[in-house]
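For reference, the structure is listed below as structure tokens.
Residue numbering begins at 1 within each chain, and the chains themselves are lettered A, B, C and D in the order written.
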């Protein structure tokens, strides 16, 4: 556990996300998602190059040549296996809110306005494995019921929906999502975090197994890969993050 | 009339079409339409360059960079003022048939199969000034009722149709089209052609004014332009036609 | 050269072609932003713009909102990205002076594509169960008319978005009015979908961009271009791909200043003072 | 380089990936035709193809029909252009051995775009009153759900066309599997819309086409490419834009031979004999 004790919070989350991508053919990442982006590049390296990673806004990792619509068309074609979404609010049914807080009747004069829904109201439906990612794990972000549903966690049976939420990764833990029950289960705790802490900081109800394991730390080889080749790749797309996390840029 | 007596049949038709394009902003021409293409280039030269001419399949005159769909999208946007269509059969209501002859019940085992409808079932509706062009003027091509309607000459009032037929140009004459009456009127006779000849060779009913003028011949300056600059431009896109018509290529 | 080639204008004359109340589509910060033109629009200032983000907007929208130029925003998001929230946008929403048409990226692309194709709508998957449908009464859900017998397959339809004007910045144009945009095809979609398109460019190059098979592939033909202006570093302080990077200090300074109404006013006054109008 | 880059195959191995019954989309003669691959398909011969023309077809379709490879044709037209009617196509229709799905160019584009976007259909103007609607029961007319109150606005909807395989020829690809197509964007649409895409190219170039901003604008990323083969003059006797012109003597000789069944058989036998299979 000595290596793990030196892991930074970002590295813990990267290591938590990367295994979720194992075996996938094509993972896409939004332009301002350095931790998911780092996790995707790590998973790609571990796949021996069999996994494609497309990072929006990256000069080198972005293969798209048909304009802004191509990401969405590509996902609609079933060519994107995993994507990351976040939310100003996320609730226990995996509904996400990227619009704002307050009663919907007061729209658009929100108490707190978020930037907007981006592509969530589409990608959440068509990408098979959507990983929710939100560093801030507080009752403010993980709420009982979102004030505005940018995109719902689940849909009625007759709604076309090959995709949906797979897990929720925060700075404290990993939740898995069961779409049939529309409910999260506490899957693993980051080093040093307790189930009581999760209960205190989570605004929605979720299932807690009898024993909750620690979020697995990367083995030494993986950690060396992350801090070496991957960190240099990450620096090309997310220079600020790479500088802060690994001191390179 | 001495200049006119030296006009070739192709030149007569070019001269008949060109004035129909006067004042238009953008004329598009199909890839195998040398006479309409020549007429468009002539009209462009006479416009002092204010008219755009787009010739499909041309290296120099084709401005499109968004693939095969762009012509149709461009027309749908209202950016194409005139286009040319033809038909294996054309009837008196300006319905055109590019599919084949015989009872529609026998489709697709036609007595005579034509290549197919190309873009007619769309462009005929959305391009304001569609000029029908068919060199062969016989009861075989100009029929009472087409066997298959690739695209109708007129539509019900509630059908979206900013475009439609404007005129029909053949090797013998020019018909104008009245969309409210869904009927052609004999507008002009090519040099040497009589109204009796038109009646004999036309399979559909049409209106004949008391006096039908001769199709105007180009003035000497226009003819010189056509046989000079325009012929050289035409040769770049339709080399076979330019060689046959003007001996250049 | 066609005498119908789009006119080459000064930045301020180009900006003057964008009238009050214009439905104006703008690209995201990662595409080509005509910031020099935006400055002239704020100087005037233009009024009552209906901004359409293709599909999201950043500094352009926040500045125009702060300068009182905007009545309505239609976008999938408005954000300054790594520089944080778009404060003038947020403040204008809260004060009630700004109408908001929240969207999602592919719905904007679909609406523009509908306009590009001359159809009244495009169908789109997703959306069902999203509160976006509640705040966008112009979006409808229909039963897919091609669904198998007896099955109900609800699907959203997005009305065509036809902006009056598309405005963006690009690396180069030629004297015929052809504009090179490279892989930034959303700019081509904006031009196809809009009634008029105004473009500022870094430079006007000799020859015809369409004559070079490589460049032609990334070129919007002049057919779609209504007017051009040369604006060297015209996207600054935002970057322009393969030309210059963003001036992050300037962007951060803007983001900080724009947190308050007074801060924005000072920032704008200094900016207009520093960049005198060019006739 | 990704180990997931599409494999570099021989022409015959690439052709072998196209199985009996494949729904195969092919470009028009003015785009990039993989004639060397077509020859291998005739040599086998592949059976029961459902050919989709994007949006019209010429020599490729006529040859494949003559060689007994085709069960169904879906296209806006089949013609040899200046070389006249497509005689094998016409003969097969008359004999009743060929199923025909007549279309119109923008309907094919719309169907492919629907597949590209993952929607079940696209609306399209025109068509109403055309007998194409009578012979295409899969096309429907609905009332525009967004029409003004009380107005009936009929509009056609075209179902998505998702081919199993797109096949075409292009000037170049790189070792990552990116394919340069220039302004021939219908090839990109075909690739986006299809489950798999096989491409023959004149050459494999060093480097990465996506690294050059000019070339990237005309490049289909390897993401969409399932397999590549080098075929020098692989579009001959049809031309390839900016590479070589059509061999009009050879095309005319084909058109003449294909007027009769026997003439076609002789032409094909000579062709297969002259072009031995490459493993």
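Operating definition for what follows: a residue touches a chain if its C-beta (ideal position, glycine included) is under 8 Å from a C-beta of that chain, and two chains touch if they have at least 3 such contacts.
Since the structure is predicted, the reported quantities are computational estimates derived from the model, not experimental observations.
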Pair joined by more contacting C-beta pairs (B-C or B-D): B-D
Computed distance of Cα centres, chain D from chain A, in Å: 40
Whole-Å gap separating chain A and chain C, where each centre is the average of the chain's CA atoms: 29
Junction residues of chain C - those touching two or more other chains: 113, 117-119, 124-125, 153, 155, 183, 188, 216-218, 241
Sequence positions of chain A contacting 2 or more other chains: 64-66, 72, 76, 126
Chain contact graph, described as a line, ring, star, complete graph or other shape: other
All chain pairs that touch each other: A-C, A-D, B-C, B-D, C-D
Contact set on chain C toward chain D in their complex: 110, 113, 117-125, 140, 142, 144-147, 153, 155, 157, 159, 181-183, 213-218, 241-242
Chain B to chain D touching residues, read off their complex: 31-32, 57, 59, 64-70, 72, 76, 98-99, 104, 107-110, 113, 115-126, 148-152, 155-156, 158-160, 240
Interfacial residue positions of chain B with respect to chain C in the complex: 25-26, 48-52, 54, 63-66, 72-79, 126
In the complex with chain B, residue positions of chain D that touch it: 28, 30-31, 54-56, 75-79, 81-82, 85-86, 89-90, 93-94, 96, 98-100, 102-107, 109, 113, 124-132, 134-135, 151-155, 183-189, 241
Partner chain A, residues of chain D touching it in the complex: 1-4, 115-119, 178, 188, 192-193, 210, 216-224
